[in-house]
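Shown below is the structure under consideration.
Letters A, B, C and D mark the chains in the order given here, with residues in each chain numbered from 1 onward.
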Amino acid sequence: MRELLKVQNLKTNFYTYEGIVRALDGIDLDVKEGKTLGIVGETGCGKSVTALSILRLILPPGKIESGKVLFWYKGELSVDLLSKDEVFLRRVRGNEISMIFQEASSALNPVYSVGEQISESFLLHQKRELYKAIIEEIEKNMREDNFFLKNFVYRFHKRIYKKMLENSKSLRIRFISLLPLINRYKVWLKKEVSRRVVDILTKLGVPDPQRIMERYPHELSGGMQQRIVIAIALACNPRLLIADEPTSNLDVTIQAQILDLIRRLKENLGLSILFITHDLGVVAELCDYVAVMYAGNICELAEVRKIFKNPSHPYTKALMNSVPTLEEKKLESIRGNVPNLISPPEGCRFHPRCDYATEICARVKPDMVEVEDNHWVSCHNFLRG
Amino acid sequence: MKKGLITGVIGILMVGLSFFALAGEVKNPDTFVEATIGTIDSLDPAWAYDTASGEAIQTICETLIFWKGERTDSFVPLLATQVPSVENGLISPDGLTYTFPIRKGVKFHNGEPLTPEDVEYSIERAMVQDRDGGPVWMLYEPLLGISGSRDAEGNIVIKFEDIDKAVEVKGDSVVFHLKKPYPPFLSILANTWASVVNKKFVVENGGWPGTKDTWKEYNNPAPGKETLHKIACGTGPFKLERWDPGVEIVFVRNDDYWREPAKLKRVIIKIVDEWTTRKLMFLAGDADTIYVPRQYIKELEGVEGIRVYKDLPSLSQGSAFFNFKINPEGNPYIGSGKLDGKGIPPDFFSDKDVRLGFAYSFDYETYLKDAWMGEAIQPTGPIIKGLPFYNPEQEVYYYDPKKAEEHFKKAWGGELWKKGFKLTILYNSGNVQRQTAASIFRDNIEALNPKFRIEIRPVEWADYVRDIVTGKLTLFIIGWLADYPDPHNFVYPYMHSEGTFSKWQSYRNPIVDGLIKRGIEEVNPTIRKRYYDQLQMIYYIDVPGVGLHQPLGRHYERDWVKGWYYNPILPNAGLGGYFYSLSKG
Amino acid sequence: MKSYIIRRVLLVIPVLFGVSIIIFAILSLFSPEQRAATFITDVRQLRDIQGVIRKHHLDAPIYMQYFSWIKEVLKGNLGWSKTASRPVLEAFFYFLPNTVELSLFSAPFIILIGIYLGSTAAVHQDKSVDHITRAIAIIGWSLPTFWFGLLLLMIFYGYFKGLFPPESLGLNSSLYVNSKDFMRFTRINTIDALLNREWWIFVDALRHLVLPVITLTVVQCALVMRIMRSSMLEVLGRGYVITARAKGADEKTVIKKHVRRNAMIPVITVSGYLFAGLMNGVVITETIFNRKGLGWWWWRAAVQLDIPAILGAVLFNGVLFVLTNLVIDLLYAYIDPRIRLG
Amino acid sequence: MKVSITNRKRSEFKEELLPRIKEIKFSFNRFKKSPLSLMGLTLIIFFLGIAIFAPQLAPPKYPHNPYRIPRDGYSAIPRPPSPEHPFGTTEGQYDIYYGVIWGTRTAFRVGLTVVGSILVIGIILGSISGYYGGVVDEVIMRIVDTFMSLPTLVLAMALVSALGRSLDNVMKALIIVGWPSYARLVRGDILSVREEDYVEAARAVGCSNLRIIFRHVLPNAIYPLLIMASLDIGAMVLTAAALSFLGLGAPVGYADWGQMTSFARNWIVGPPDNPLAYWYTITIPGLFILFFVLGWNLLGDAFRDILDPRLRRR
């Protein structure tokens, strides 16, 4: 099974007034094709920063210090996204890798209709496929009714789309698109794109997509808004979807629907997903592999079943215990609070709160050790069995 | 894209304008442009009393007789063929009837010929209208012996017959019947309020038809409702082309004028409030003459291409008047209202020594030098230089702190010097000269005795007028402009117990009233002179007020203007003067 | 949408009533003699001031005058303006074209430059571009308009010998414009000149517009720029901007399509004040450049206590302002769907 | 015993204040970072110094009325700077140096009193109408609309010409014209803050309405007000100067920058041979106005970038 995405020693800092926040202190993870990797951790441990760093969407004062993001791109493996120029990155974003966010309501632009926002993804990436499809469409129409005048118009439109296919930036086309009557050719484009929007919306199980398209974001429910965000992301059927806590602020019933939708997409489209959440329940249900993050480091990485069966990193164990279960058992809380990332503790960043901490933990940062097949831990005295 | 748009637009603007280089010495040679500040109130001769309207009407309409060049005491015939006098028999020996033979072959701007009926109608129409605060009292006093058609409460006190009989047409001349002899009557008829208008034109435009039954409706119309407010039809050298109130008024040459047509094709009077803008237009040649406020004279010194006329005596003067009986009720300007160092009693100025103290503590030279740039003279009394019977040898007061201190010590039996006083002098804000005069009084009097306190406050013109009329001002500085060049027009308002200023001062002197009455009714000039000399001496002795300045005007014009002359009695004399005589090039 | 408009229009009536109350409160501050004095232009007319008071029935009790005034206003007779020597309503329509021309030419510059500078400053926050544009805008905003205007006049009219003259038209063009063979449609010189295809008048009118427009623009566009900058900064931080970037859109389209349209909303709401600011600027600019518009007329009326004109001015401004607010609300609803669909 | 209580109190007090100190330290640092705000602060401190030490810098000639500019003669032609008149004299020989120094005091007086009273009126009416809503809100808002529909300068001109021309009337006019925009701003903020949970919580705990308004609601709505106030101080001084230019501001001879610039309005363009002959009459008062207003505007801008919660942590 090939690794679709491999992140190596990713470091990202934020240069704020209080000092340099070392948000990511060397992250290594990989997403296998068709599989779902869950990233779990308390708020503020750097989950979202990882997601944004992968797509290089970190804005000043943040800066990606070092590391590699290798992405399997059309046959040859090692394409380091971080070293590529902005144009390449733009072709990847939304087309190969796309992202969905926690706050669906603020992720949608209030002044444009939902349909417009989804069609923007198509227009950005699939211009050539659209023009080809339109040319075929025109030819089909020409064959059906060969009324003289219509024919002439069709041929004219066809020529325009052919021209656009070769050189989409030509000034002549931009000029023609301004003339009122002549730019009727755009009708084809609008029809083709809206057909695709309806297609993606039905695929996501949205009822009556034609009506929904005209609506504005503030008129839709939370769940529906999240479906639209997913539609935007999956418009050009990317190979990797990064989901940054998509269901966190939805109430449980809607949350279940969205998770179910994502699972169906995974199976039907063979989509590989990087799923970020702080809810262990969701991880158990959806993810194949899990990475537990704490204060900018990954402390444990393993298959879902293995990690639930025997969590070997003290933090993971503590996390497990703090989740309410059916049997009545006292919930443990972890003493102390999340470290300040400006002056993080030496060695293993969890040692001040770790019950099993020994002298070495405070000095040396533990490396990843393979406890069992597909089960890695970064801890000096990890718990056995 | 946006960046391109903006720079593009500015580029076009610059290119389009740059080729407009300015050249040419005399701009628009046959159009005379006057830039001033006063707005015209109305074009109706019977309505207009302000100088700006007077200047416009004088360009369009003409009177029976007119001033002879620069003189104010002799006339030339205009619409009348002769100037009436006792010698040529056109004025009756008893000075009660004046006959004016009317010139023939004169046409109005609407083509109608000039007839004696037009003259009679013009004067009667003025007396019928007689608006509040209008100039027509000057026709009522000589013709009917009263000051207006209505009493204080506003109901009409005269009958139409009185007006009709006062002016009659006899053959082809017009006869005026006066109630009592009135020597300045000729100079009144030479002014714009006696201009001749075309009866047919006025009646067509809804004016008074000249009959008895409807005359009351046309009496005292609301502002702007008078018939000739915006329209004009006279016999003058220029016709009215257009009037945009507050903006400009444009006259165009009347080609079939009964005398030789004017040299200028067009005359424009523009309103330009901002001095800097006005000056730059003058320097750039866009204006041929401008109104130059006194304080900016220096800015035009040593500028070539400009001709300046200096020391033009104007028939106006500014004086300080002492209020003998100040109205104490609710009056902040007299402080405590008692002689206790924190105010003044209402009759403070009734004590002559106080008045003399003030008179001697005013530094006349510095005032004339600083406030008027040395371009004003000190008047000797109510009758000023340029008026007949002006007495140049009349004694005047001068700046003498010791004399002033002497009088102040004697004032109120020495109480004033011990206790001191505090009073407020007002001036209408914006009038730099009056403000300077008030400051001179304050600084010199406060220097005499630390207990003397004078405060100066500027107020709006409307408040200034209100406080003068209600008698609240302690001492007020105000000016007077001649209606007609005759001592009676100054002596009456300054000294007569019913005169405008003396009434507000509550200055009453029966001898003076008698002298004034005899002065106006005496036809023989030598006897009139004796009365007016006595009046000027009494004014010096009683010192109800002190003459401060008689301004000497200035006239500024570009050097390509020709034919300008100065007659003090013409409205806005220092500006356009008489457009008929002007030319350019 | 329709009910929204009707509600807004109905709101206009109480506001206008309020405006007339304020106007009359100002009027009651004057005393009868004061008001009468304003009808006197020459000291010689002081003779019968009582006559003038009676003529204009200035001594009746205030509320009585208020009702007679309102009756007159509804009949369209707003009294006689001495400074313009014509009825107030007629004077308003006479002076309106000049002011409209000035605002017509400066408004686009103010808004265009303001938005452009505002968005560039926001996009490059805290870089040199941001500091420079902000400094220029702030200096423009703190510059006393009259001082700046007079300086411009001195340089471009005095020193450069009449390159950009004051007033609204040169002598020859104003004579021609007022002559019979020039069709007056809107009484706005530039537009009439175009309609009559008199290019030289059009250029002359433009030449007279340059200085006043610069004076007005420099001060007013600082306000637009500041509002635009802070609203752009706020929108840049929003979620949908990151979504747009995540879609793969390039920075230019993100700014142009997504950010600027949302950032325009606060600018539209504030352009109501912009109108008020413009009217203030117009008063000073027209006085300095001697362009006989509403601003000049109101200044002259205030200085010479021409009461009917002052009251008329406050009333007209009230009506104009309320109408612009209505237009702005409708524009606001058009841009922001959240408002339109309630 | 007493000592310990205070000790306990002080440490506890320090403990409670810590977050606030941290915030202030953060603001001050953000403030230090942008050069424009530093310039603004120095300008305002410079003017404050002049205002405070005015009696020392320019000893008043008339103790009972220090704001009257002393005159040295009456001639209308301004005289250039000379030893006894460091900045020269204006038309009517008013000493520019004295006028400009005491003018700083007038500017602060006009700026602070006007904006101060506008803030107070605006907050009171705004919070009442915002918090209570319903009919009260409707009435107050209609009054605000009425005042808002009157352009500041025209109304101020009408008021000053009615009340008479003095600095107090100018201030009254500016206050009457200025308060509505503050009231509307406060109402807007309060409407949004009123919905917040912590206000609901406060009401649940049983605080009185007034306490809620002043303890919880206003502190959060205060930032935009502060920003607007600091910008308005400059704007108010400018409007007062404009009024003086139009002949409706402070009386002649009063130590006020606007009045002095209006003195100089006719001397900007000197005689043709030496157009800049009277530069000092217009430049000196003009520059004082410019830098005073500039200082406040820069400060206001800096406040916005620092205090506005949304932009603070960007």
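Going forward, a residue touches a chain if its C-beta (ideal position, glycine included) is under 8 Å from a C-beta of that chain, and two chains touch if they have at least 3 such contacts.
On a predicted model such as this, the values are computed, not experimentally measured, just so you know.
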item	value
Of C-D and B-D, whichever chain pair has more C-beta contact pairs	C-D
Centroid spacing, where centroids are CA-atom means, of subunit C and subunit D in whole angstrom	24
Cα-centroid distance, subunit B relative to subunit D, in whole angstrom	46
Between subunit A and subunit D, centroid-to-centroid distance (C-alpha), Å	51
Whole-Å gap separating subunit A and subunit B, where each centre is the average of the chain's CA atoms	89
Multi-chain contact sites of subunit D, meaning residues that touch two or more partners	161, 247, 265, 268-269, 272
Shared-contact residues (touching 2 or more other chains) in subunit C	30, 150, 153-154, 158, 287, 305
Junction residues of subunit A, two or more chains touched	none
All chain pairs that touch each other	A-C, A-D, B-C, B-D, C-D
Contact footprint of subunit D on subunit C as seen in their complex	11, 14-15, 18-19, 21-22, 26-27, 29-30, 126, 131, 134-135, 138-139, 141-147, 150-151, 153-154, 158-159, 226, 230, 233-234, 237, 273, 276, 279-280, 283-284, 287, 298-299, 302-303, 305, 310-311, 313-314, 317-318, 321-322, 325
Residue ranges of subunit A in contact with subunit C within the complex	55, 57, 86, 90-95, 98-99, 101, 103, 106-111, 120-121, 124-125, 216, 218-219, 229, 232-233
Contact footprint of subunit A on subunit C as seen in their complex	238-240, 242-250, 258, 261-262, 335-338, 341
Partner subunit B, residues of subunit C touching it in the complex	30-31, 33-35, 37-52, 54-55, 80, 82-87, 91, 94, 112-113, 116, 150, 153-154, 157-158, 161-167, 170-172, 175, 178, 203, 206-207, 210, 287-290, 292, 296-297, 300, 304-305
Complex contacts: residues of subunit D adjacent to subunit B	71, 73-77, 91-92, 161, 164-165, 247, 251-252, 265-273
